[in-house]
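Structure in structure tokens, see below.
Naming follows writing order (A, B, C and D), and every chain is counted from residue 1.
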Amino acid sequence: MKRVKVGLIGTGRIGKLHVENLSVRIPAAEVVAVADPFIEGAKEVAAKFDINTVTSDYKEILSIPEVEAVFICSPTDTHAQCIMEAAVAGKHIFCEKPLDLSLDKIRMVLDAVEKAGVKLMVGFNRRFDPNFAKVQQMVKAGKVGIPHILKITSRDPEPPPAEYVKVSGGIFLDMTIHDFDMTRFVLDTEVTEVYAKATVLIDPAIGKAGDADTAITTLFFENGAIGSIDNSRKAVYGYDQRLEVFGSEGMVMIDNNTPDNHTYYNKKGSHGSLPLNFFMDRYVESYSIETESFIDAVVHDKEVPVSGKDGLMSVAIGLAARKSVIENRPVKLNEIL
Amino acid sequence: MKRVKVGLIGTGRIGKLHVENLSVRIPAAEVVAVADPFIEGAKEVAAKFDINTVTSDYKEILSIPEVEAVFICSPTDTHAQCIMEAAVAGKHIFCEKPLDLSLDKIRMVLDAVEKAGVKLMVGFNRRFDPNFAKVQQMVKAGKVGIPHILKITSRDPEPPPAEYVKVSGGIFLDMTIHDFDMTRFVLDTEVTEVYAKATVLIDPAIGKAGDADTAITTLFFENGAIGSIDNSRKAVYGYDQRLEVFGSEGMVMIDNNTPDNHTYYNKKGSHGSLPLNFFMDRYVESYSIETESFIDAVVHDKEVPVSGKDGLMSVAIGLAARKSVIENRPVKLNEIL
Amino acid sequence: MKRVKVGLIGTGRIGKLHVENLSVRIPAAEVVAVADPFIEGAKEVAAKFDINTVTSDYKEILSIPEVEAVFICSPTDTHAQCIMEAAVAGKHIFCEKPLDLSLDKIRMVLDAVEKAGVKLMVGFNRRFDPNFAKVQQMVKAGKVGIPHILKITSRDPEPPPAEYVKVSGGIFLDMTIHDFDMTRFVLDTEVTEVYAKATVLIDPAIGKAGDADTAITTLFFENGAIGSIDNSRKAVYGYDQRLEVFGSEGMVMIDNNTPDNHTYYNKKGSHGSLPLNFFMDRYVESYSIETESFIDAVVHDKEVPVSGKDGLMSVAIGLAARKSVIENRPVKLNEIL
Amino acid sequence: MKRVKVGLIGTGRIGKLHVENLSVRIPAAEVVAVADPFIEGAKEVAAKFDINTVTSDYKEILSIPEVEAVFICSPTDTHAQCIMEAAVAGKHIFCEKPLDLSLDKIRMVLDAVEKAGVKLMVGFNRRFDPNFAKVQQMVKAGKVGIPHILKITSRDPEPPPAEYVKVSGGIFLDMTIHDFDMTRFVLDTEVTEVYAKATVLIDPAIGKAGDADTAITTLFFENGAIGSIDNSRKAVYGYDQRLEVFGSEGMVMIDNNTPDNHTYYNKKGSHGSLPLNFFMDRYVESYSIETESFIDAVVHDKEVPVSGKDGLMSVAIGLAARKSVIENRPVKLNEIL
């Protein structure tokens, strides 16, 4: 079998996950080079998965002719530059979300990608989760009729460190961005207006960093539906990821995944397991399918399932939400775009 | 509206419940007389529900011409005598289960009832519970196809007092009898063979009284299906009453009723309410529908939904189960009948 | 037992329900008079429950000295006048929601009630539902810690007739008002700001009547929590009433009630019952407890559990929501109050 | 990392699964040789996973010095011979269940293994399933108190072909054997008596082959508990694997795994996914953990988690069940052992 040779940039937590999936679960791919300024981490990954080339400079990867595709898993502020260079080098690109925090930069990047004729896929892994995918399929198949109301609950088990918060772009561009993408995926329509309310209820340090840790976002969609997303940076009971679509013919909802399906009854009540706590456990399957989908698109020259436009729109909604909180008013997407 | 005038014999716990249902929930009935040797209890009930005639002698009730129907809620060893006299007096009869512990006596009673041309209904209230009734309807409608396996879990929250155990007829005739009746109701077939294993795991006093507190009964049915009933006299988490029918086209199961539908998540897990703990809470609706069904059968001269034969068969299965435990072998019903 | 003598004004659907509960389930009460301009309906109710006085003029009821308490179940636009006259007549008052659609009128009414020294309870029956009550108790007991996010889903099985919609005061004052009250009940705090988005997705006739049938309302609370309510006038799968409170120490949610607890598995999937479809089935218990609570407050001279202020505040939130939709901006409660 | 070199005998369905797990998921193992008389199948597997040695003769594998451990996945009637030779060759042995259908042969095998001082692990994969493992842990931790009742539901989605049935040893030794092992695992006690009832309700061809397709087995345990297992060869709704342990302090039960957690509500009811249909999907994780456990025991010279005695006892219970059906009476294990 011909294998797509992959170079991966950024061997942090998410980069390691992609290397493992590419190496172990996707026979059609082969990681041949990894890059990270923190060279020790890169070396460790390379050793574990028998990867020949290890470098601290991602440009070196782009210069390897046999590398057909790159995975960009470096910090957000490097994404745009990496993508542009990778596009010029003729590599297909998988990039973690968000593409960038500036719409102008994203547009520039998308132009470069288009000119180069390479593929660009954005890492919205939840689209590949069996639960979310099931909802999307059912909505598309008309099971709920015309969608009226979309609800997403998205809560992290623990807030990120304050230092991370400062450079994260804020809760809407760092966390809710996944939910914004999910609304577009599930409803297959665009957001036209956003009203968001955000507050600091968990960690004052997050407030000091200029961010919020708790938010409710109301959304209005081109197809007439309305939606609500609630976010929290800290659910003591674990990673809480639920979604519900209500429409003229019915409703579909998904619940969390748990490590087992036991129920225990004693004098005090009935008891069950908590949701899987860590996003890498919860989304282990979605990451694997996501990476496979990208490789599949490269191998068979198909359209990637998450486009550059998807990357652009989710950031735009995030920026609208941020503006809405600051000005305490609904913000139309065309004020942003 | 014409009201059926009812006399009630035995104002203990279950008798009181019937008086209340007849008085408050069933406009077509009216309790005009109650009898109990413990006259103080009878008087209290009568006062609460404006009942004119109170007596310590049930024969007095049978002699009241306007009384059309009697409810027999006295101890089991008085049932046969009461029914026979009531039949002779031309009263329609509702009798709590079991009719008697002797098949010969039951047959005599059924003969008397038939000769008198009165109605006799046996108090298998669970047939009227919305959960069990739903299963019976679905099985009857062919939803599970041909039934293959029937499973019943039936566990009490607390064992009865040892004194009661001594006169109860044993776990199979006192407790499992409800489940035996349920198998016939749900599958609409007869039991042909029984194998039961019983043991004492909860209260040694029950063992000393010659009874068991934990049992598994395997049943074979005329229609080819097989079944299993598990019983315990003490489930610390409450009254556990579940049933499952598996067949060629599917399976239907019912779960317990809970006082509310909350789920609570904290650091330790997810938590919910326990099953309703007391049979009068769990079966409040079934008792009410049961009584109404009997009154309805009297008013409109319809067949009663639980017949004398139902009363006979459930005792026969119980006797077979008891014999099976003693002899540690499967017992055919025609060894008993 | 001494019985509170009750006069009931308005023998429509909800009035009939109260008469039945007062007559059949609450021994401490006795309905002695009913009034309704549609005299035939009133007569029918009176006949069924042996009520002596039937009149088309509610003033007649207020003039009966033995009547201690009145139930006002007439149309909304008559509530204020009825309450004021009942207060002057020295009767304790149970009034269906809303008290009125004008805050000024409600204030006038509350003044009159206070001067008269009579009790006034508003009919927010859901506070007495075992599910909602459980959540309130758990929140009060600190089970979720400090509340951060409150979510309510409240969907009707069928939209009301267009004629009703015209006089209903609109979705927020007719339907969401229950949810507004629920937020105050569960969180024991006040709403400070409202942002509502409403749209017409179900029935254009509702839009022509100047109302909406689908809405999402974002709420901000004095205690720092934020909340979201989603409403629809038509859920094809039945009456959908759920609530969730998320806080620093956990989360509690409630699910709908179903007629039974069966699960059916066949080739196509697993299947269960729908939520109870009609509000009178769903809230049968809450109406009964509600009425009992009022009678109990009268008998034992206790505070009523749902006060006039509760009636005032829920209308104020509804008016803020309506204003928010019209002006498409968040509205502070103190703009309204 | 030092890798355990593995030879695998029998590249049928289950053999392939072990090769994949050993190659892809278990870094500490390396498959260096595969054997199967159907050489084409063996070659295909070898090609896919870069295995150097492929042979039609398993003896060849046993003669490779570097092979430390063998996986025996050939037909049941070859197990004993393979194990004995592998033991003599000094290889550690993983063998699929059952070890053999004759207790004498199994005893001979266990002797040989003991003499050789090699490890022997039997493939009861379900012990490693997160659901079953959770129950075992909770019972061991005393969460249910003293166990009173154990219930297992174990139903296949489709009956095996009639040819397979003929050589399978019958439903108890082919299918229920997993459940027999589970009772010993979960309760950590021995079975003392068995009563089984088996019948043909699904496929007459199974009856012609001298086997049954539907069974209920009652079990008695050394620790005083009683148990019931119900089996069916065909559940139209999928692979149904549930277990419940009831004891003096509580009850724990496990439900099936589903491909997703969606619930869909439409006019007709609420609907969810079916259990995972195929045992390789359902137990994908358990097979992986099982294999890993064996390799881990080899690497670190630890006791294997499923011993030869476990293999012996499960067959003994199966033989007792078969005898019980034939003689329609309870059979004590010491009649068999």
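We adopt the following convention: contacts are C-beta pairs under 8 Å (C-beta built on N, C-alpha and C of every residue); 3 or more make two chains touch, one makes a residue touch a chain.
Owing to the predicted nature of the structure, the values given are computational and were not obtained by experimental measurement.
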Farthest-lying chain, centroid of Cα atoms versus that of chain B: A
Pair joined by the larger number of C-beta contacts - A-C, C-D: A-C
Classification of the chain B:chain C interface as same or different, half of numbers criterion: same
Computed distance of Cα centres, chain D from chain C, in Å: 58
Computed distance of Cα centres, chain C from chain B, in Å: 40
CA centroid of chain A to CA centroid of chain C, Å: 43
Shared-contact residues (touching 2 or more other chains) in chain A: 235-237, 249-251, 265-267, 273
In the complex with chain A, residue positions of chain C that touch it: 145-146, 148-149, 151, 153, 155, 195, 197, 199, 201-202, 214-216, 218, 220, 224-228, 230, 232, 234-237, 240, 246, 248-251, 328-330
Residues of chain A defined as touching chain D within the complex: 24-25, 130-131, 134-135, 138, 143, 249-257, 259-267, 273
Interfacial residue positions of chain B with respect to chain A in the complex: 235-238, 265-274
